[in-house]
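Read through the structure below, which is laid out as structure tokens, and then see the notes.
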Amino acid sequence: MIADVAELLLLALLVVCGIAACASKNLMVSLIIFMAYSIIMSIVWGLLKAPDLAVTEAAVGAGVSGVLMFVTLNRIRRIRREEAKDDEETDI
Amino acid sequence: MSSFVLNFPLFMIILCLVCAAVGTLLPRAAARTVSLSLAALCLAAIFCVFLYVYGAGQEFEYRMGHYPHPWGNELKIGILESLFGMAFSLVLFLSLLGGKDPLDRLVEPGKGRFFYVMADLVLVALLVLVYSNDLFTGYVFIEICTLASCGILMIRGNGRTVLASTRYLIFSLTGSGLFLFGVIILYNITGHLLMPDLKEAVGALTASGAYRFPFLASVSLVSIGLAVKSGLFPFHLWMADTYGEAVPTSSAILSGLVTKGYAFFLVRFIFDVTGPDIFWQSGVQNVLFAMGAAGVVMGSVGAIQENNLYRMIAYSSAAQIGYIYMGIGLSADLGLTAALFHILLHALTKPALFLSASRLSARMGGALKFRNLQGAGYYEPAAGVYFTAAAFSMIGLPFTMGFISKYLFGLAAFRASTPKLVLTLLVLAVSTVLNTFYFARTVLRIYNAPKKPPAERQPAKDLPSYIIAGALFALINVAVGILSGPLTDLLGYGLSLF
Amino acid sequence: MLRILWDSRIQSAAVILFAVGFTTLLLNRNLMKKIVGLNIMDTAAYLFLTSIGYIEGRLPPILADGVADASAYVNPLPAGLVLTGIVVSVSVTAVLLALSLRLYKRYHTLDLDTIYRIVHEEAEERE
Amino acid sequence: MKKRTFREWLKAWDEGEIDFSVPGPGCPETPGDAASSGDAADDRPAPKDDAAIRAYARRFRDREAALFRRIYPVMVVLIVAVISVFLLRVVTELPPFGSADTPANSSETIRRYLEDGLSETGAVNVVAGVILDYRAFDTLGESHVLFTAACAVLILLLSSEKQSDSLRVREILEKDAVLHTTGRVLIPLILLFGIYIVLCGHLGPGGGFSGGAVIGSALILYSLCYGPERVRKGLNLKSYRVTVLTALLFYSLAKCYSFFCGANGLETIFGPGTPGNLFSAGLILPLNLAVGTVVACTMYGFYALFTEGTV
């Protein structure tokens, strides 16, 4: 019974996170929700008796691809900041 | 001992992977040599396989490991597979041979070797798509093909190429997603992934009438997914931008090989998974036929509106993809023969067009608008002749492969139902007229008397290899156009064995 | 019908997520969002695949104490396929991220429509 | 616009004055293209309504683009709606969830994997046995997908110029005592865990891919805490390439040998060994090691290329 409720909760959370990650306006928020989505997905895979997948999704999906997305966003922000600085300098 | 020949496809696949890995460490010239010799070696090895299989008159299943087909991966070595493996290696070899000059000019310095690494990976992906007997292996190598062709496109490295390859990748990944979902549904209702077992299970399912709707869904998802990946009509929008921006050699490889690989895999799917009869009951072929026919017309209309040489060839490419899918949707025997012949025709013609166009344009100082190409054929005689030959083949003049292809389409149409007959003939007529218009315009342009010599006469770099490659393209085209009998017989024979 | 959908709710959820990811991949103009959508679409397909192999009340396919009895474990094949698929989707993600980084460096935006407009204007200026 | 005869239209089309090109990137950036079109424009008398035609074409194109932009979302939503209804209907007709009698779960394939897998491959973890022995060709392809992606990212992001823009942030990070201490404790643990997952891939959950990703994230963490220069001492571009290359070559050649033996009915020299031991399961352990190396290097390589533009 508890397992059923947990499964249902996880599935509902999974769908909500999936939709929220696609719908949110802010990129950073979207990425964080996406990582949560991956973690939930890995738990669901654990429930489905696929421990290999759970480990891999936690390491690859939530870990490495999330980190790569963050790093990209970080680079993009840095580029934007530098441009803003350049603009100020040229204004002066 | 002669069955040792059957190991050759495995050796070639592994060799391609090894060469790709080693290529990352080599300088550009060495990587080029490796790629060229690899393609030549593949051609020779697969020719041996072809001779053996043809002599034996049957297909062979080659275990990848110790376990036979419901359990382990397999290759299927047959006549058509070997024929297309040969054709793909040959076209890659000739494209690389003739396409050195634009690569040297346009690729970012220091990254030239990666182009050849990616070319090796495209070759291995195509070989596996041709030979694999397993749908999921097909999916994995489809992804290699997608990523490698994206690498081949973006090697030029300017903003628009990167944009075009992003667009290409997104389109292509949509297609992979659909394909994957189709395979998953198919696995769910049959419990198999290897083609021989799938075919058996699908036959049993159809006989018992179980899971009709999921089966239909999976067949349509797989077909539509592969069609999206090869750029069939509503999904052809990436083509013009991509081929218009990329290095001509990349365009040649992409249009001549990669999109054809997916189409051939669809043919394999139809024959080895569903079986032609069951596929033709499903009704998916009508969708493919309609999309193909629309693609032929829309591609030609797009081409006629273009003032840019590369983009015009790209639209023409979209039209030719339409032809292939129209043939697949037309009928099981003759229609597919026509489609397979058209795959060969297009693989041999489009690279020649792109490479000749690149030489003509380079001689005129990089001009791509038609009015600036006036008289290019006089300054670059070889490229002019090759371009003309390829253009004639695209129009479908006699004594070229294009003529035979149109003849085969007409033949297939007369065996099909009346609406399809009318539609096919109409499409053939319209597209031939439009093709004649835009190719004749180009050919007339490049042989129009120039008003003044081009501003900068660029030295002809690496001419011999281009001349040999272009001459081979043109020669094969004309030779097959004159003596098409053996090839069409072979295609029919191969299809009957499939 | 709704009853059946509810019984196989994991597969229904997978289909919904697939549709959500597909829509985002095609409709959203922001490249980063497209990448997120692509990942959601792929994982949804893998969830569907994994759910095929699940069998009520059985153990994960790790043979405990050398008991090799097919009626004790779930189906190992979907897990193997998904393992392959996850790596494929992380590779694709990396390439797409690299492409968007390059595009941002060149055009200073991730919005594909804006990039098209800039490219178009540049082309017209050159003429 | 004045009316023209067909001949005039044909001539205008041939001269390239009618431009109905679809929205998208314009003509290629080829050296000399702009210059030579200027040349040609000089010696050709411009037609009177040239500007009008151009303006008309542009208006046409803009209108078309706007139309496209309005229609496209509707089209996509329609397509997605159709696909999801289609797939939901498929779900209702599929074999029931969680049942043991579905075609996929009751096939002879699964029975052999589970019942003979241990004696044939020697792997306690059947999934590892399936992906590295029964269906090893898929997995070989999968590693090369990763390799292809690594090459593509190298093409896109490898730059020779030093990117010093993150120096300030890094200085702060490198002096951070909390980060250093946590790193000193955590990184060895994560590394150890990754190596354990790789080594015991045939005995329990895990394997080359997950373990490699864990090792890769340990490397990423190390580079974050102590700066990429420290990592680069051990793993520069050259050694990175050589490591990946060696692992991939070993993988391809080992699998080639085993495929060749299998197809020709020969025995391999790698037997399944005693199941349950660390050194058992034939090629699976070395293959897991090779895959782990490739994945770890590639994951770290992605990170380094994204942040620094070099490895």
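As written, the chains take the letters A, B, C and D, and residue 1 is the first residue of each chain.
Just so we're on the same page, a contact is a pair of C-beta atoms (placed from the backbone, for glycine too) under 8 Å apart; a residue touches a chain by one contact, two chains touch by 3 or more.
Because the structure is a prediction, the values reported are computed rather than measured.
When every chain is represented by the mean of its C-alpha atoms, the one lying closest to the mean of all protein C-alpha atoms is D. Chain centres here are Cα averages; for chain B and chain C they lie 27 Å apart. Measuring from the averaged C-alpha position of chain A to that of chain B gives a distance of 38 Å.
Once the centre of each chain is set as its mean CA position, chain C and chain D turn out to be 12 Å apart. For chain A, the set of residues that touch two or more other chains comprises 50-52, 56, 60, 64, 68, 72, 75.
Counting partner chains per residue, chain D shows two or more touched chains at residues 24-25, 27, 29, 33, 37, 87, 94, 102, 104-105, 109-110, 113, 125, 127, 135, 138, 141-142, 145, 148-149, 152, 156, 204-205, 207, 209, 302, 306.
Within chain B, contacts with two or more other chains are made by residues 136, 140, 143, 147, 150, 154, 160, 162-163, 181, 187-188. Touching chain pairs in this entry, ordered by label, are A-C, A-D, B-C, B-D, C-D. Put simply, chain D touches chain C in their complex at residues 23-27, 29, 33-34, 37, 69, 73, 76-77, 80, 83-84, 87-88, 91-92, 94, 96-100, 102, 104-105, 109-111, 113-119, 124-127, 129-131, 135, 138-139, 141-143, 145-146, 148-150, 152-153, 156-157, 204-205, 207, 209, 275-276, 295, 302, 305-306.
On the side of chain D, the complex with chain A involves touching residues 125, 127-128, 165-166, 197, 204-207, 209-210, 213-214, 216-217, 220, 299, 302-303, 306-307. Those residues of chain C that touch chain B in the shared complex are 18, 22, 25-26, 31, 34, 38, 41-42, 45, 48-49, 52, 77-78, 81, 84-85, 88, 91-92, 95-96, 99-100, 102-103, 106-107, 112, 115-116, 119. Residues 50-52, 54-56, 59-60, 63-64, 67-68, 71-72, 74-75, 78, 82 of chain A touch chain D in their complex. Residues 1, 4-5, 7-12, 15-16, 18-19, 22-23, 26-27, 51-56, 58, 60-63, 66, 68-81, 83-84, 86-88, 90-92, 94-95, 97-99, 101-102, 113, 116, 119-120, 122-124, 126-127 of chain C touch chain D in their complex.
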